[in-house]
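I've put the structures underneath this note.
Across the two complexes that follow, chain A remains constant while its partner is chain B and subsequently chain C.
Up next is the complex of A and B:
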């Protein structure tokens, strides 16, 4: 019955398209990894050179869909919650069977990998001699199996949804007292010290990013800092940001904030956070490639763009959070 | 000509808007049963679980404090959780500050006094948060429900204890 839900159809269809396209691309990806030789004029090399244009175009669309699918998945889970007893938001729906949360985590991980692949592909297209061709297909060889596993998990999740199961609501999944599971552990982090840690991370990340942008030094550090910022922010959302948004002293759920009743502020925060994280990781991916002859001119411009993008998004995230804390009626 | 059509348009819009409002008002009045008690708003959330209560009008429960503040719940279960630990969910308040407690009668779908209600346990009817204490205003309707829906027992307000409330959170 749930198979007819438009959100479920969209998710499964997207996942199917991604998986099939991934298999097709990975097939040529492996051939390129094994037989690519730019010096050669063999028939195979000519075929591969033509194929790589098709494959990388296909992949750039497929990975863009992959990025979108993370939010589509959360949106659908949130949308389905009225159908299940005990679920009041995506947290409860994802908890309905054992595949909900693993799918989400893998989707988050694949989001970052897909983003990095798109950055590599973009850089590769700027060079005239396919400078990153082996690297980008090596990354594809890592991503493709993960995406296939994700597709399997997602099918197992949606096909395994049963309406007669009572699920737990986010109030108990992310409760600071019922200390079983990661959600509760994160919710139990003391808000006071967490606020200081969060703003410390904001300061260090923004400062190191600006320094890198202006002086061109400390790129790896900024890239690392942006990963720390990303993780700290997700923990902070559960630990204290959610409390100020909901204005409830015990409600730590990271999913309720995506609901329309909270003006979809969750999507704003998460989209900023994930894109900034991809840009941050992208910097450390590109820096070691600046020595490549055909990319010598391109890489510095790209890393500067990525730095600016992530800085603006991190700053935006921190500003929105600070505004919500300042404007909140909750006093702690 | 065009101004006439515009005016017609506005008239139709206004009528529709008024009719919409009219349809909306009596529906709201349903929750304002006891006089002088705050009415459920769309923005009210259960302080225990964070759920928006307006989505589950059949299950509304309410606590009113003596300072006039009022909290809504998506079921009697969460109301009791708040009642047994007032300071946790509403820091600065105590159980002694509570002036009124209401639950929604399952059959009549109207607010009734929580302290005089009859609660059916163990039935096959689930609330938005799973197993519930189903409130009824009198012994007869509670008994009738118990028989129709395989309830296990009927209890009164003083018999409701925290361990019992927490035991309702089991998942099967």
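Up next is the complex of A and C:
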């Protein structure tokens, strides 16, 4: 019955397309890693040079779909919750079997990796001599198995959904008072110190990003700060941001915020956060490549664009959060 | 200098219709010289010319231009090389009907984003150098064969390329116009350009303007 749900079909189809295209690309990726030699004029080398256009184009679309699939997965899980006893939002739906949360976590991890691959690919396309070809296919060799595992987990999750299973609601999964597990541990973090820590991270990240943008120094630090911002923000959503959005002092769910009751604000926050994190990580990925002759003039411009993108998104995230806290009827 | 290293070109590889047009051509083409590729029909002249001019890629082998390897370049870089380094003169002229001679000449320069007034001034000046100033605003279909070919030559020059590539340029010209064409080639040489021509017209490859004749047969050099 659940297999006929449009959301499930869309997710499984996307997962299947991504997995098949990934296998196809990985096949040529391995050949490129093993046989690529730009100095050679052999027939195989020239075939690989032509093939890399096709593979890069395929991967660009596949990874773009991979980025989208994270939000599609959350949307579907949220959409399915009325069908299951006990589920109040995506949190309960994902808890229906052992594969829901591992799929989500892997999707989040693969989102970052896919984003970094797209950045590497973009940089590689700016050079006249395929300067990053081996690096981007080496990264593909890491990403491809993870994406295939993700596809397997996603199939196991959706195919394993049983309507007669009673699941837990987000109130117990992300409770500061009862329950155990990571969700409850994060929910139990004291909101007061967490607010200070969150705004401290906002300040350090934005300041280091601006400094790097204006002076061109401290790129690695800003990249690291971006990841800290990303993780701190996820924890903060569970710890205190959610409380202000729901205007309930005990409701810590990170999934209910994607519901229409809260104007889908969760999507806005998560999309900004994830894209900013990818841009932030992309900076540290590109900095070591600035010495490559054909990218010497390209990398500084690219890192500046990534810095500005992540700064705008981090600032936007912090502003929306601050506005919701200020406008909330909850007083703590 | 343009250097070719073991260039091969196979069409329809792996199919029953597989055809090997070039079989390991290694060649150096000197700058500021007129080189003619000659040979019977099907010997690989046009294929070789299109590879040198970055209009197609070899199946194997490399082409270097002034020491820079160009066969491996990604397409968008190759377009840049093609646009700025080569001017093409075609056997069939390949001019666009329905627009004027001046517009045809200016067309290859549009992607470079030059100011239109400067471009128009240059195109008009070049047309004047080949006695076509009166034909600038004429539609292509109104021109004679010789005039159309000269418009094609001016179009090849509009981006000021270092190398002019001409594929059977005199095939559709009478003797007088063929001599006129070779005079124009002489001027190219005087301006410091490299000229590469395919032709099996004796009037071309026996001309005193030509510095080197390379004979091709069955995709190989017969020199």
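By our rule, the second predicted complex is superposed on the first by the 331 of 332 C-alpha atoms of A that agree within 3 Å, B and C clash if a C-alpha of one lies under 4 Å from a C-alpha of the other, contacts with A are read in each partner's own complex, and residues count from 1 in each chain.
Note that a residue touches a chain if its C-beta (ideal position, glycine included) is under 8 Å from a C-beta of that chain, and two chains touch if they have at least 3 such contacts.
Every value quoted in this text rests on a predicted model; they were computed, and no experiment measured them.
> Figure out whether A:88 sits in contact with chain B (first) or chain C (second), or with both, or with neither.
first
> Would you check which partner chain A:253 touches, where first means chain B only, second means chain C only, and both and neither mean what they say?
The answer is first: A:253 touches chain B but not chain C.
> Applying the touch criterion given at the start, work out whether A:261 contacts chain B, chain C, both or neither, answering first, second, both or neither.
first
> Could you look at A:168 and tell me whether it touches chain B, chain C, both or neither (first, second, both, neither)?
It touches chain B, and chain C stays clear.
> Check whether chain B or chain C contacts more residues of chain A in the superposed model.
Partner touching more chain A residues in the overlay: B.
> Contacts for A:129 in the overlay, against chain B (first) and chain C (second): which applies, first, second, both or neither?
Only chain C is touched by A:129; chain B is not.
> Share the list of chain A residues that count as touching for chain B in one structure and for chain C in the other.
none
> So in the complex, which bits of chain A are touching chain C?
Residues 38, 41-43, 45-46, 49-50, 53, 125, 128-130 of chain A touch chain C in their complex.
> Residue numbers of chain C touching chain A in their complex, please.
5-6, 8, 57-62, 71-75, 77
> Contact residues on chain A for chain B in the complex?
Listed in rising order, the residues are 82, 85-86, 88, 165-172, 246, 248-251, 253, 256, 261.
> Could you please specify the touching residues of chain B with respect to chain A in the complex?
43, 45, 47-52, 55, 74, 88-91, 126-131, 169, 171-172
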